Structure formats: C-alpha cells, structure tokens
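Note that chain A is present in both complexes that follow, paired respectively with chain B and with chain C.
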Partner chain A sequence: MSQPKPPVEGLTLDIKHLSIAFQTRHGSVTVVDDVSLNIGKGEIVGVIGESGSGKTIASLAVLGMLPRGARVLEGSVHLSGDSLLDQPESYQRAIRGDRVALIPQDALRALNPTLQVGLQVGEPLTLHRGISWATARKKAVELLRSVELRDPEQRAVEYPHQFSGGMQQRAMIAMGLSTEPELLIADEPTTALDVTVQAQVLDLLRDIRDTHGTSILFITHDLGVVATLCDRVYVMYSGAIVEEGPVERIFSNPSHPYTRGLLDATPRVHGALTGLTPIPGQIPLPDARPVGCRFSDRCAFAGAECRQTPPAVTIQEGHISYCVKALELETEA
Partner chain B sequence: MSVVFNFSWVRHGLLLLGAILVGLVVFCAVAASIISPYSPFDLDVTLMLQGPSAEHWFGTDELGRDVLSRTIYAAQISVEVALVAVGVGVIGGTVIGVVAAYFGGLADIVLMRLMELLFSFPAILLAIVLMASLGTSILNAMIAIGIIFIPGFARLARATTIEAMQQQYIEAARAIGMSHLRILIREILPNVVTPLLVEAAVAFAYAVLLESALSFLGLGAQPPDPSWGNMLNTGRGFMAQAPWLSIVPGMALFLCVLGFNLLGDGLRDMLDPHLRD
Partner chain C sequence: MSSPLLEVRSASKQFSIGSRWFGGTQFTAVNCVSLSLMPGETLGIVGESGSGKSTLLRMILRLVRPTGGDILFEGKDIWQSSGSELLAVRRRMQAVFQDPASSFNPRQSIGTVLAAPLEVHDIGDSKSRMIKVAETLELVGLSPNYMTRHPHQLSGGQRQRVAIARAIILRPSLLLADEPTSALDVSVQAQILALLQTINRELGLACVFVSHNLGVVRTIADRVAVMRRGEIVETGPTQMVFEAPQHPYTQALLSAVPDPSRIRSRTTISSPVLP
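Coming up: the complex of A and B.
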C-alpha cells in the first residue's frame, strides 16, 4: 500500500489510486489500474465502459467481495471517511447490505427461487438491525409499496418466478433500500429489462436519491442511461479511467478519442444520417496492452507521443481527460 | 404417445412396488413383537429342523426356534442399522462435501483426498478393518457402515454445492452481508437435499446388504440376536437337510434390497425433471 491520504470531507465514496490484479499461472494481471473515483452525498455517478474494462471488479472491491485470485495491489477505499480495505471480513460483512447495497444486473437470478420475496426483501433488516422475521416481513411490504409495486401484501408472499422482470428488479431495489444505505451500487440494473420498464426503474432510482439523499454508483455500458440519470460520469477503458466529468460536458465536449468513439457508435434520434462509426479493433487483453496510452492501438489520433503514459489534462473544473491531445480534441469538438 | 405413457406408468408402478416392499420391511421391524407368532429366542429341541408346517410356516432352525419369527425380528436389526448408518453417512458426507465446496482451496483438497482414500478400499474390506479396530457389536457395525457411506455422500454434496454456488443469489446473499454459516444453511442446503435424499434410499439397500454380510462373517449382530446375515450363516450348514433356513432369510434380504433400490430409482425419476415424462 502507498501511504493512505486522508479522505475528502463530505464524500460518500472515495476511491484513491486503486489497483487490482488477478494472480494467474502466467503471473499477475492488472485489471484495475490506478483508478480514482469519488461520489458526493446524494450524487449519481456513472461508470461506463465495455465488458472487461474493470468496472465491475472495482465495485466488488468496495463491497470487499473480490473473486478468488484477485488482490488489491494498492490504493484506498473510504466510505464516508471509514476505510474499507484491509478490514476483517466481519467488518466488511457489517458494511455490506447495511451501508452499501448492491443492485445486480439479473434480478431473477439474484433472488433465491425457494424463498418468498417478502422474506428476502426483509432479510437485510434481520441481519443488520436484529429485528424479528415477523417485523421484517411487515417492513418488506412497506418497502415493496415504496418501490411502487402494486398489491404489495400479496406480492410479499409470492415467489420470484411469479414476478415480471421489472417487478423483480423493483424487489431487489426494495431489498437494497431496506437499511437506508449511504451508497447504492447498481451494476447494469436495467440491462435485462425492456426500454419502458428500464425508464421506470431509472425514475425510481432518481426518486430514491431525491428523497433519501442516497449516493448511487451506476455501472453500465449504455450511454443513453448515463445521459438520463447521472450527474457525473467516469469512462473506463481496459482497467483505467480515460475521461471523467459532468455528464453534459462529456456528451457535448468529449475530450478523449475513446469517449468520442463511444458517442459516434451510439445511435441518436437527431443525428446525421451517416450511419454509426464503430471503433476499430478490440479492447486489449489485460496482459497485452500497448505501451503508454492503452487506447493508442485503436486510436485514429495516435502518434509517437502516445507511447508515454498519458497525462491528466484538466479541460475545465472537474472535467479531466487522460490523453496527450485532449485540448486539441476538445477545441475540435 | 401411448408408449411414453406406458413407460411412465411402469416406472411409477415400480416405485409403488418398491414402496410396498419397503413398507413391509419397516412394518415388520416396528411391529415385530406383535406380528411374530413366537419369540425369536424360544428354544425347543424337540422341534429341531422341522420343515414348514401350519404351526411354523417357515419351519424351525437347528435349535427349534421359529424361522418366521426370527426373520421378522431380523428386519428390526436391519432397518435400525441401515437407518443409523445412512444417517451417519448423510450427515457426515453433507458437512464434509458442503464445507469442501464452499471454502474450496486447501479445505477442499485435504477433505476430498481423505474421501478418496476411504473410497479406494473395497467397502466390505473397509468395514471389516473398522470392525476389527472398533470391536464387534451391532453399534460398531452401524458406525462402520456409516463411515463407508461418507465419501459417496460427500462427493454428491460437493458437486451440488459447487453448482448452487455459481448461482447469482449466493453472491447477492454475500452482498447483503450474510455470514458463511447462514448462506450455507439458508441458501445452499435446500439445493443439496433432494439429490441426497435419492442417494440415501439407494444407500439404504446397500446398508442392509453390508450389515448382513458383516453378520454372516460374525462381525455384526451376535447370536442369539437374529439377523438375516447370521441366519444365512447358520443355514449354510444345513443346506441339504433344511434349505428353508437359508431360503427364508435370503428371500427377505433380497426383497428388502430390491424394495429400497426400486424406491430409490423411482424417487430419482420422479424428482429429476430431465426424466419426467
């Protein structure tokens, strides 16, 4: 560990210089590389990136749930000032589901098929608040009502397979909210849902933030969702953050070639009818990244200077791009 | 269509037959003192080696004891031994298998290698070794047979646990801060129970057979306590003069083992969605 810096006041989540590696037979492979990320109270922050960009692993580190073989090399994670790394399992367990809740991608598979939904929604309360099953069940009905599920008394005694996809996701959100956590980690919670249900779930998340002041870390690969929901966004590529800033800035003035590539590859209602431009090539494997800027082998703007580790270029207050040519790109856009 | 229908009818018919046979054995075991016409221990030297008759349906043995009564009482010992042995096997195997799968790594390696070590001995040989070291008694026979069952159940429990652990709701359970013990009991165990139940029915048949084998060798039930195994052993000496001494306990053993096997197979077919219809 590098020397820990004191966390910034008022931040719900403060990740500093986090690096995570997997131990493999061929040595250590870094999947999250020097990632710093913070979320203020009541803020919704998006982390966007392709599959394999390390966004999910970084969020699992916050929960202390790294898969077997993964190890934090350095960095710190603070939740409202309390360090989360290097804590005993019992401490992390007390945090999970109480102060931090996870809303997973596939709600049906995250619910136990053999247990009534009401029991599962109330379970965090029995774990962390020591309340009885009977009380937890009553609370579960209220929680289900608060996520706008119709007929919650009946729903509470039903089983997950009797729910539609959107209802399952609402139940998961209700479970996450039961302990009124400081931070919700939503890992692509709307990917498995159709578009209208997706919009309802996003509305629900925004309402939760507005009424409870809950901070939300929203992991996704969907730019549209980020645009509608998030206040700030971090763009991740191949284990590192390549650009960060307020959502409007990122969409109006993308200052990293990768972010521009993502936007060009996204369909828009009012866009020119020139078709979509895919980013050529593929995301590199963690052990085969190019030297210097890891996007350089796919980048149309790449030059000799990109063989150096890219600097952090501040475009504007809070808008940072990790690209040597960030300022040129910004003016060009 | 009708072929498929017939097939499933036959399958359920066999399940029914198994249940009837098992029910009969269990009934004999529970109600032995009520239904057996004589005490299994009463000697009557004037009635030695009598053939089947109206008074003694299945004849008498070399000491003039009623073979039917002894066969019925022997069911008691068989069921008792099988019950305890399977219990030891299921509980021991489940704990070991689930722990090995859940914690993985070193725990998995050490526990499963130990199970393989037990597995590598032929069952009957292992039972004899265990009986030799524990001493001959019916209780030790139960324990020895139970230990033989542990590796099989452990492997099954481990495999089902590994499958259950890949489910996302296990991760979700961790994400709400559940302890390992609570996850094991509440989330994983319900998945493991069904296949173990089927395996237990088959193990029952094997336990009955093993107990008889041990008793036949003089390591299980000790005379004068009746057991199908030691009755067969005695009957062996009178095969020519009194074949009923071997035939009756032999048939009882055969029907009991058949019953448990049919029940186990039927249960598996019923509970396995791939084989249903």
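Coming up: the complex of A and C.
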C-alpha cells in the first residue's frame, strides 16, 4: 500500500462545466455534458467509463485536439491557472507535449515507424527547449533508462517495430516525460498489453508520480486498474459524470446504481467466486438519452423522480453521487 | 463414463520463418499439447499474447494444419476426414470469434446470415428455415424483427448475440469461442457470458473458451488450461487453479491482475518467470 495522497495545493487541471457537442446532419449532439473535474498536484485521477461515455473527448479538449466537427459549447479548462480554451493554435502547440503530454492506447500507431525511437523520444526537447538533436538524442537514452528499458543505448537507435508492445508503451511514456510536464494524460495506456506487462507499466506510472510529482489523468474502462493506481475517481456514463470520490469510497461504498452495476458486472480473479450481474440494455446514443437521469432506462431503482435532472448528492466530503436516490441506496447498503 | 467429445493428442504447430533455403528458422507456436473435453463441459484456455492459445483453437477448427499429433472429435481424426464426413464434423462444431463486426457480410441481412448454415447443410425448406432463424434469435435474447436488419445497425453486444445464434442454429455439440467478449464493454460482456452459460446448459453444449482475461475464464469455465509459450503449464478444475495455483507462472499471472478489491496495491510479481 502506498501512502495516501499529500494535501492538495493548487490544482494542476481544473475543468469546469465543460460541454462539447458534435455538429451532425441532424443537428447538434452533446457528447460531453456539464463535466467538472479537477486534479491536484501529484494526484492520480481516474476517469472510468464504457465506450461512448465521453471520457476520451473530454481529455482531447484539454489537449486542444478535438476532432473536426466537435465544438466546446461552454465551460473552462485551466492548467495550473492558465486557461486552455479559446487560445490560438500556436499557444496550444506550445502547451502540448511540453506542459501536458498524452500517452495513447496504441503506442505502435502513435510512434513514427520510419524514425529511430531515440529521435522520437528526444523530439519534444528540440521543439520546446530548443536544444540540438545531438543533445536530445543523448537525453533520450537517459529517458529510456528511466522507464527501465534494458540496454537503452541500443534501443535508442532501433525502430518501433523492433520493440514489444510493453517496450513501445515505455518509449511513449519516456517521450511524455521528456519535458517534465505538469500533467500526463494516459488514455487506456495498458489496454492493449498483457496483464504482467500492464502491472509493470502501472508501477512505472506510480513511480513517476512519486519522484516527479507529476499529476496523472488516467482514462480507462478497467475498474481493477483504477483501484490499483488512482487516488480519486470520476465515473462517466453517456457524456456526464455520475459519481466522483476517493478510490476507497467508490469501491467500498458505490453510491450510484451505475457504479454498482459496473462493479457487479466485472469478473473477479481474487476472492470468492460471485456470479456476475449484467446491466440490462446498452448505453443510449447521445441523441436518444432518456429524460432526466440518463441511466434511468437501465436502472433497477428508477422511479418517477428520476425523470428530473439528477441532483449532486454529497455522500461524504469529496464523494458525490448524481443520483436522486443516492442516500436511500447508501442506507440500504 | 462416456468417451471424450474432443481429444487433442500431442498436437504441435511449427511455423517457418524466413526463407526455407537461406537460413529460415522454425517457430514453435504449440508444442505437444494434449487435452480432452467431455460432452457438456466448458474448458477455458488462458494465456498471454503469443502463448499459442489461438493457434491451438484454430487447429481444432481445422483452420491450421498441425505439424504433429492428432485431433479427435467424437472419436474421429478431423484431419483424416473429408467430403461428407467432414461436413458432418463442421455441423457439430461451431465457432464464435472476437470481432463481431468483421465476422458478417455487411451486405447481408441478419436473416440471411443465420439461414446460411441451414442452406449449406441442406436442412429444411426456406419457410422452415425462417422459423428456425426466428426461434434461434429468441434463444439469444433478440426479437425476430432483427431478421431484416443489417450488421451495421446492431450494437457490438447484439452482433455477438447474432454470432452465437449462427453458431448454435445447427445444434452443434461443441462451441469454440476465441475471445468472444474482448471487444465488448464490461456491462455487455456480463450479458454475453450469462447468455453463453444459459445456452451451454440448455443445449448441453461443450465449449472451448479461449481468453486472455482470467476473470472471464473463471466465470465461465469448469476446467482451465493455462498456456505459456506453446505449452500447457497447468490444468485443473477452475476453482482449484484460481484458489491454489501450483505453477509459478499461473501464480504470477494471477497476482498481476488488478482487482477492484485491492485498493492502491502494488503488484509484486516474481520476476524470473516473466519475459
């Protein structure tokens, strides 16, 4: 067990009331709806959600990398106090890869197949720090060493296809770390990896936070990974946050029916064998969400009061459930 | 004691890498694997990427020719069968794959997709086939209205239900599933696993279930085989393998799986067994 997170001074990332919509032929479709999320310095925050929950789109807004057709309707995004939205492209380019780095799911696709890994890992330094390629290449070897890649001098002159999946992901992490960013955004970085390799990468991310005080936004659909790594968790469903709180609370006292449903639907490897309880139905399309609570059409506890927009119910300091019945659920459990 | 439905006897598969004449090498994907499966039993095969689990499954499916050993289905060597005998084997042995999107012809309606196996095996006339298709759709939890839809109109979970319907429409005795839930969300995965359990029980189907996800295999399998580098390193009843793993690799694999009940725990993996 690692120590609980140190007290938060100042927020590395502060997202307030962010809404993002896609323009389609049939009008505007909201895919991120009034999302507020923050990360303290040195904190690892997990965003958990299934496909279509909006978790990736929200993180792309931080990077100023929203796909074509997506538009921020309202809200603000601040990185250590500096606003990131409504900034010229040149400003966002200066931030990206310098103060915020992305570790994507598919490292092989993110790496350039025609360039030596060492050059790619050192590239952010030449772009953001103005150092020479020769120095950057030397620095890259050190970075590859710091992510525990064996024989980094040799690895630096190899190409991505010569790396295993885990090594490619380590190279991406090394690249992300090169400029010592305030914030690392990791979007499903271990989903494509074998469990034993995943465990090593998670340990590495934890070490990075402990030594550099880097804040990490960790996006995943895997509850087990969140429990192992994160300090705090946001649970997203169909474009909105449905529950947020410290990881201990979310896993021991889940106070939103969706969070409970996810936990009950996750196959366990450890402990007693309990049958899985599937959540009936599927995530609604963004233009066909039920009125009021967007989980109500799949929820066993849904009633007439769920046709209203769900209130933010504080269960305990820092633990909020967006469910009108949250306190009822709490007493029941 | 009845005889095994499926028997794999010392099956091996070596792939040639590079030129046969200029320093080509052999890669052993599956090395002398033996296993057997009783009727109605579900065997889970777990392993990491490159462990040979999919190659083993493809040899049982007669998609990859073994370089050594025999594969017996209902007592007959499937690689010796041909013609009508092979057609009979195919009818009794069906498969479900990982990616439901790529396993259908996008231009065919679900009704056409599901009727195809009946046509191939010349079962019934077009009217009785449609009745059979509707029945099977209901069995997998879909309304018969889905017959007129096309694959792109379905969600991933619904497509996987159709894939299961296509596999069971001929009432096989063995279902071979290769990572059937890996592309699905957790909540939908639980639905598909529940469906597979019900169907296996109701139709008395035996099942070989290949997955990298240990939790999923634990949920569905009666027996487990753990594969590593082409070999089965441990096999036994699911409960025993998960509660008291004997092989160091199984132990390492289990301890590496992050678990929701372990908050902020560092995984300690005994490194010598890992690459």
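Heads up, the rule we're going with is that the second predicted complex is superposed on the first by the 318 of 333 C-alpha atoms of A that agree within 3 Å, B and C clash if a C-alpha of one lies under 4 Å from a C-alpha of the other, contacts with A are read in each partner's own complex, and residues count from 1 in each chain.
We adopt the following convention: a residue touches a chain if its C-beta (ideal position, glycine included) is under 8 Å from a C-beta of that chain, and two chains touch if they have at least 3 such contacts.
Here the structure is a predicted model, which is why all the values come from computation and not from measurement.
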Combined model on chain A: chain C and chain B, fit or clash: fit
If touched residues of chain A are counted for chain B and for chain C, the larger one: C
Chain B versus chain C as contact partner of A:Glu182, first or second or both or neither: neither
Touching partner for A:Glu244 - first (chain B), second (chain C), both, neither: neither
Following superposition on chain A: angle at chain A, chain B versus chain C, Cα, nearest 10°: 80
Which of chain B and chain C A:Ala94 touches, first, second, both or neither: first
Partner chain in contact with A:Leu223 - chain B first, chain C second, else both or neither: second
Which superposed partner A:Glu50 touches (first chain B, second chain C, both, neither): second
Which superposed partner A:Leu111 touches (first chain B, second chain C, both, neither): first
Contacts of A:Asp14 with chain B and chain C, given as first, second, both or neither: neither
Overlay on shared chain A, then closest C-alpha pair between chain B and chain C (Å): 12
Doubly contacted residues of chain A, that is, touched by chain B and again by chain C: none
Chain C residues touching chain A - in the complex, by the definition given at the top: 48-49, 155, 157, 185-191, 193-194, 212-216, 218-219, 239, 242, 252-254, 256-267, 269, 274-275
Chain B residues touching chain A - in the complex, by the definition given at the top: 104-105, 167-169, 171-179, 182, 186-187, 190-191
Chain A to chain C touching residues, read off their complex: 1-2, 50-51, 164-165, 194-196, 198-200, 202-203, 206, 221-231, 247-248, 251, 261-271, 273, 275-280, 282-283
Complex interface listing, chain A residues touching chain B: 63, 65, 68, 93-98, 101-102, 104, 106, 109-115, 123-124, 127-128, 172, 175
